[in-house]
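Each chain gets a letter, A, B, C and D, in the order it is written, and its residues are counted from 1.
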């Protein structure tokens, strides 16, 4: 029984290659995590175990895909970033997105019992994630994307911290707390926390305030005087990187440790001291102590 | 700290809505399952536990997404089919594909220990899946797609059954068996199995020969005289289904049991007796005995 | 001087092949024709010369592209329809659209002086057209598209006829006429025309009421009893048409005369008597008298 | 007669907005110009009238679309370049491409008789053009695209000049000339021209060797020391340009004269002295003499 009569159906598959020489960000989001976090009784406003589980799954994704150069996570979302020179899966959109979503999900489910030993998973409450790829044509815009996520983390965390303090320590109803916070700005929330509850928001844990940044660890460098030229290198056409060069870079990246950091990624300092993230060229491995 | 300065990055997200009134097939494939099946010592040519696990995960996907009208699985791949009238996630490509890939992965990992109790999962050998969506403009072509997968199942299974019988029972080396099978047609393989090993291929298990078909179970109907008109109904514009009608249909579909079948889906009979699959309209629930 | 250093830029061209086995409609629109029609003093509400020029240009497009099976024009817009089996330019979107837009523009400019001998063209008032392709997955929806355009023609023409009669014969200001027509339905406009100006809208010229339908002329057929099966044939996969069959069909189509008709294309009759339009198979050439 | 029953067909139109902050190049090509140039007996290897006509039509396109910042033409092709900050037609692909193709075609047909007074156009030999849009994520790659076209111009012109000299002055047959040129490099062709025909290729007209560059004329500037920072400005997100700023820039651009130049655009000098092309910001208008 030959299959040739039906093979024409393959013609309906349409190409989905992402534009060359652009940054690829795959952002994934927990599906229905509001309900899920209620079901497994996540601690409000931040459940450290849940965040550590997200980070652990993301570290595994970074390790399986050396083409990834940085990732940023907050709450139940994670952004994974491929360099403009990335040629993985010929830059096919669906391949890149589904590989990340599936690998992340697999590790998240697998590691669940490590982080929530007393709360076994059971259907229909299995965690799952959706995702999408977005491309950004320049390093400036990629950095603005990263800043956007970190500012969002800050805004949401300040709100949630204030809201849940008012409810949990202040004994307010959810509705009353929501009502009072409507229209307030950051300064107002800081004041509520400090005046009423003696909480200095600045002393909250960095992981809650800044989110989590994942990258490969090399020796930090001194910020350069002329960072502009750095960005310029990034836009070198990928065509000028041979397959063997790419494989060599991949191997070097596998050797580096993936670290989880909770630091400012909006200012230049973070990027200037870790030039390998934007350049796509591995740095020097730290000397083992 | 307002986020407005960075929000322009949202403009880079591009719409990916799939053409209305077309069949959507999301096909997922195991990533690196050749290596994985070696690592966990899957039985050759078919490991019943592995297939049952695939089917169990697929059943859960069907149950979570009542918009799915049929699914077909073979080996480490599964095709999930949405009806042309489907409006789930506004038919956004990435949402549909990643939701299926992630939900499938979650259940596959979660159920692993049920099917392989003596082979615990461990990184870096965690199973994962990639996927893609393809749209088909007519019922005829959707059915040709399904036929294509089932013919593929048959071709591969006949080859694998013959190959592994020659190796396992005939004591041949992999290379010798491969060499002898080169250029053979179906009849040749049937003859090798029967003459040398006394195996009648027709007596092999249906799940291996036909793959697995999943659908919601209603009362079977008598094949109609004029099935053509049936197909015609399919192409009714989705615009004529209101949101509340859609919700009602969704509820009805949730009530039906998802069954796993191993039958011919190439001939008309399967489809004519289960008209709800192509029409998208739930049938009559079977009377409980 | 070899060009290889720069040739990588070709990788940025992205494929734009339209989904196989779908109807392709290329709709073009006059750019800034409101201003243009003022400048060349087109007669209101309908300038017969302008419509005849549109039709003449469209006939030339149909003659140059035998793959087109029907076209429909109203005012300064024209819709050109390719059959689902069309393989022209491998169904590349940009090629199909720009070829039609450019060919139409060329003939429109070339023929202008024939239809407007006393109004020579001059920059910056050169007519031009934009265009886009849309695909439709079934014959039913293609016909609904055509109906949509013809209903639009009717609605606009009834409004314009009433409006301009009120202004030109009734001596009303544009603003007053617009004001009075606000919120009126068809019956109201018919009554205004008839009661105040003795005009029976039904007696208006068909080209204004129905727009213009272009197709290749073969011998009309008797409407079939079961037109549904007809539609079914349409959806045969194009893969089953060989290149030589396609060339033969193309030649046959070139032989047929392209006619300009002003008839109802909403009801079944038009399509049933001209089955070649939807089937994509040329009919019998009319006997020469 | 309401149109609501059919309006759902509008849902089949799919968005085609080009990625923000990228260079947009619309390249158009003459359709069947080989045959056309034979029919109207264009002079070989270069017909100055035909090139001047191409340039004249392109100048009109530049004048009608002030968003265009540069154009480059060779033979029967023309590339029109929109700046990354361009918001024309919300960056809709089909709109941009068809507007340029149609406007160019209109002027080409309209101006034909000026450049070929003794060769009136007549169907079916009306010139027409197809086109497509390609986006480039950085200024470096845009410049490589421009270089690619100019190198192509050089390669083709050297070949054509040599070939036609061998045929026209050397009395060789087309086949013999083609045969002899097979496998030759630039130096070989230069030698054939010089040794056999006393022609120094360097003395050929610039328009043939370099093609035609169109841009808006402002006062030339001195090349900067650090052009890198210039490029950087280009990638500023368009979001930071308000609608009114854009309109103001559009007006300034309309005031500048569009010039036709035949110069090197591969080296930096051209771009550094005309920084307004890559920056998208109009320069100083030249003082009228």
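We adopt the following convention: contacts are C-beta pairs under 8 Å (C-beta built on N, C-alpha and C of every residue); 3 or more make two chains touch, one makes a residue touch a chain.
In UniProt terms, the chains line up like this: A, B, C, D = tRNA(His) guanylyltransferase.
Every value quoted in this text rests on a predicted model; they were computed, and no experiment measured them.
What are the mutual neighbours of chain C (tRNA(His) guanylyltransferase) and chain D (tRNA(His) guanylyltransferase) in this structure?
In this structure, the chains that contact chain D (tRNA(His) guanylyltransferase) and also chain C (tRNA(His) guanylyltransferase) are A, B.
Which is the least count of steps on a path of touching chains running from chain B (tRNA(His) guanylyltransferase) to chain D (tRNA(His) guanylyltransferase)?
So the least number of steps between the two chains is 1.
Same or different for chain A (tRNA(His) guanylyltransferase) and chain B (tRNA(His) guanylyltransferase), where same means more than half of the interface numbers show up on both copies?
same
Let me spell it out: compute each chain's centre from its C-alpha atoms, then which one is farthest from chain A (tRNA(His) guanylyltransferase)'s centre?
In terms of C-alpha centroids, the chain at the greatest distance from chain A (tRNA(His) guanylyltransferase) is C.
Please report how many Å separate the Cα centroid of chain A (tRNA(His) guanylyltransferase) from that of chain C (tRNA(His) guanylyltransferase), as a whole number.
Measuring from centre to centre gives 50 Å for this pair.
How many angstrom lie between the centres of chain A (tRNA(His) guanylyltransferase) and chain B (tRNA(His) guanylyltransferase), each centre taken as the mean Cα position?
Computed value for the inter-centroid distance: 31 Å.
Could you give the separation in Å between the centres of chain A (tRNA(His) guanylyltransferase) and chain D (tRNA(His) guanylyltransferase), each centre being the mean of its C-alpha atoms?
Inter-chain centre distance comes to 43 Å.
Going by the touch rule set out above, which residues of chain B (tRNA(His) guanylyltransferase) reach two or more other chains?
Those would be 8, 12, 14, 19-21, 135, 141, 144, 237.
Mind listing the chain C (tRNA(His) guanylyltransferase) positions that touch chain A (tRNA(His) guanylyltransferase) in their complex?
Where chain C (tRNA(His) guanylyltransferase) meets chain A (tRNA(His) guanylyltransferase), its residues are 8, 11-12, 14-15, 17, 19-21, 237, 239-240.
Once bound in the complex, which stretches of chain C (tRNA(His) guanylyltransferase) touch chain B (tRNA(His) guanylyltransferase)?
For chain C (tRNA(His) guanylyltransferase) paired with chain B (tRNA(His) guanylyltransferase), touching residues are 19-22, 84, 135, 137-138, 140-141, 144, 228-229, 231-232, 235-237.
If you look only at chain C (tRNA(His) guanylyltransferase), which of its residues touch chain D (tRNA(His) guanylyltransferase) in the complex?
Against chain D (tRNA(His) guanylyltransferase), the touching part of chain C (tRNA(His) guanylyltransferase) is residues 1-3, 5-10, 12-14, 16, 28, 31, 60, 63-64, 93-95, 97-99, 101-103, 105-110, 121, 123-124, 126-136, 141, 144-145, 147-148, 151-152, 154-155, 186.
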